[in-house]
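You will see chain A twice below: alongside chain B first, and alongside chain C after that.
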Partner chain A sequence: MNQWFGFFKKEWFESVKTYKLLLVVVIFSILGILNPFTAKITPVLLEQFMPAGTIMDLPEPTALDSWLQFYKNVPQMGLVVFILLFSTMMSKELEKGTLVILLTKGLRRSTVITTKYMMAICYWTLAILLSFTITYAYTAFYWDQSTLQHLFFAASCLYIFGLLLIAVTLWGNTYFATPYGGILVTFIGMIGLFITAIFPQSKSWNPLELATAPPQLLTGDLLPADVFVSYLLTLGLTLVFVVLTVVHFKRKLV
Partner chain B sequence: MNNDLDLLLEYLPFLIPLIILQVGLAIFSAIHVIRHPYYRFGNQVMWLLIVLFIQFIGPLVYFVFGRGDRHSRAN
Partner chain C sequence: MQINNVTKQFGTHEVLRDINLNIPEHTVFGFVGANGSGKTTLMKCMLGLLPLTAGSISIAGECVTFGETRSNDYVGYLPDVPEFYPFFHARQYLELCAVITNMPKSERMTRIDELLELVGLVDTKSLIGTFSRGMKQRLGIAQALLNRPKLLICDEPTSALDPAGRAQILSILQKAKTETTVFFSTHIVSDAVQICDHVAMLHEGTIIFQDELINLQQQFSGQFIYTFTIPATEAMEQLQNLPFTMRVDANTLLVTLPDDAARLTFMKELTRQKLIVQSMQPQTKLLEQLVLEVLG
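So, the complex of A and B:
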């Protein structure tokens, strides 16, 4: 366990030194502010660009609009940014051969994978917390949020989906040992999920549902029980991918 | 004109942090590009343009893929 925390600490310092902390904090703060901002400014902008004399009945933006922006921006922009940031987790070490010394000194291979995954989880938690809190604060300030349902559960869906994507990236990155391997595998995985989402029957279990369902959860069209299976499946798949990575890395020539 | 100013004032709580964060990140990355002239690929002018004009994706790409260190200047 001591070894684990030692390596975890090393990972933490490395991520700070490579400006990951800075980038995550700045980018997810920007995303957090952008959500209520876009929701609030869109009707005004539309009004300005309409030719004079056009009478348009634009509804006032509500808290729901702000959260819709959150569930549009964070899964798209936020996740892409995050995956890019953490797509070189393993390949960097494997390319430079920096792990060889540590491994010959007796560092367990499973420790390497679990600490790296744990580090990514910590960063993802920070990222989601940051943009969620900022959007929440602005939305609470400008609008009434009492009509929204399952606000926190909806956010947790997105969080869990992120965990799965990070696990897939880590696996791809370890398996192919190139910076682009992880991104490519995640990309292909996403396409696969989208293709399965074409079939309506998959709606009850598709992990992608966790990224697309939150708006309906907020309005109350869906209940947490409806995404329960995808929720569990996503958690299970995450575990499977982490275990796969550990098993593969144990046999890998470093 | 007065109307525009009111509009600006109304959105100031959003604009101030947004501008600080985006400009701050761009300037920080630009300084880094200039002070560490070692890149995995590309040259200084290219990275400066990317970092300054592509908002927040530019600095990200620079720090993750473009930033090289002194010892691995092979290419």
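So, the complex of A and C:
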């Protein structure tokens, strides 16, 4: 086992011991169940809570409603919780000084960053897979999903957007070396993306499109080609932030 | 290890000024200095954890560079407060260290067993998170010795330990001398006196003195402390015709008697003057005195 896998194994062990695995599995499983459940139950609830005598003509829920819940819950709740869980990846080590001994033993600084990022990617993959699979299976149980378009590509958009946010969080967390550094940078970054989205011209390249476009992709109002530039730009930015983190950490005093 | 003209500044504040040190192999080198004198800064520079403002450091012929430095292949480091992953057992942590130092798999288990035995943690089954300060310090020494370093750097290894813990650590460091060179900093002078071959003192960023401990002791050898049944000042007056250097300090008479002949002459004169000696001892706490003199 070489140095990279050795440290990666430590990251895995740590994440299990600090209940990250348990939390991710529980949270994203609940979200997976919640999506079709909310779609199914919402019309019933609305009817129950309306004043007596009110006549409502609600359409029957469809598979699309279930997936709309997915693209509302996973980015708004799941991704936020995920970022919070992984927001102290570096600062915890830097504050406690647990890396000092290992760095003086020859642990490469790039290994520290890449293993931590890779571990976060593994967890994000698990989170999306879990939530997606449960939503898919549960939705298939109630409704026909054949009318939905680009189902997997739409999910990949959200996945890629998550990779960018994790990279930004890791950079902020390494740069400021405080637990709030990563969250703050990501929060400011998100505000920046939202402000940019005000301008219609940015629609063709804004990474935020990857989080907002999936419902339109499912209905066919948008084609994968329409978010192609955003997709590539997000991947590129992700790489840039990971490289920036490595470069910064190589010069950082520990 | 050679440290040549090392200067380190943080902004405009000069922490180390023109430091020169040469540490011989297989010795225990004590690096003495008050808190805040720059000992930890110099050690971090030696490990490539801090960039130098000027000068150079080389270990086993490799020049130390900031960041990832190849010279660390020859170094083991024990920080003043070693921090470990609390969810590991001692053995698991050492296994991680062995992987990071690229130690061959065939050697790992034997070496880890050997070191756990040396530091007395072989039967410890609890997680590191539950370790006492002394146990962490011992695990710190084990990890530092893991890759058989040519130089073991220990930053104040005994400073926060109780007497039993201090004795254990000093004994381990003494044993380590057979396979490595030990460079350890301390502000507890008696620790340095106990196990060091060489001593250097850092004060306000500069080396005040450095020498073999035995040479430092010889500078003061021949000094004896006498107490009498009468005040030391009166005794000194009666002995003032003797050609020896004498001074009174806290009702004791400090006399320099460089050889046996001088000592015999002095004893005869004491008898002749009918001065009754209450106690007599050679001057021993020399390093401590030197340090106290420097610190004012």
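List of remarks:
To be clear about the criterion, the second predicted complex is superposed on the first by the 253 of 254 C-alpha atoms of A that agree within 3 Å, B and C clash if a C-alpha of one lies under 4 Å from a C-alpha of the other, contacts with A are read in each partner's own complex, and residues count from 1 in each chain.
Basically, contacts are C-beta pairs under 8 Å (C-beta built on N, C-alpha and C of every residue); 3 or more make two chains touch, one makes a residue touch a chain.
What you see is a predicted model; the values in this text were computed from it and never measured.
Of the two partner chains placed by superposition, A:129 touches none, neither chain B nor chain C. In the superposition on chain A, A:84 contacts chain B only, with no contact to chain C. Contacts of A:26 after superposition on the shared chain: chain B is touched, whereas chain C is not. Once the two complexes are laid over each other on the shared chain, residue contacts for A:36 go to chain B alone; chain C is not touched.
In the superposition on chain A, contact of A:179 is made with chain B only, not with chain C. Of the two partner chains, chain C is the only one touched by A:3; chain B is not. In the superposition on chain A, contact is made by A:17 with chain C only, not with chain B. In the superposition on chain A, no contact is made by A:244 with either chain B or chain C. Residues 18, 96 of chain A touch chain B in one complex and chain C in the other. Here chain A touches chain B in the complex through residues 18-20, 22-23, 26-27, 29-30, 33-34, 36-37, 40-41, 44, 81, 84-85, 87-88, 96, 138, 179, going by the rule given at the top.
Those residues of chain A that touch chain C in the complex are listed here as 1-3, 6-7, 10, 13-14, 17-18, 96-98, 100-109, 250-251, 253-254.
Those residues of chain B whose C-beta lies close enough to touch chain A in the complex are 7, 11, 13-14, 17-18, 21-22, 24-25, 28, 56-57, 59-61, 63-65, 67, 72. Interface of chain C with chain A (complex): residues 47-50, 67-68, 72-73, 75, 77, 79, 81-85, 87-88, 96-97, 99-102, 140, 143, 146-147.
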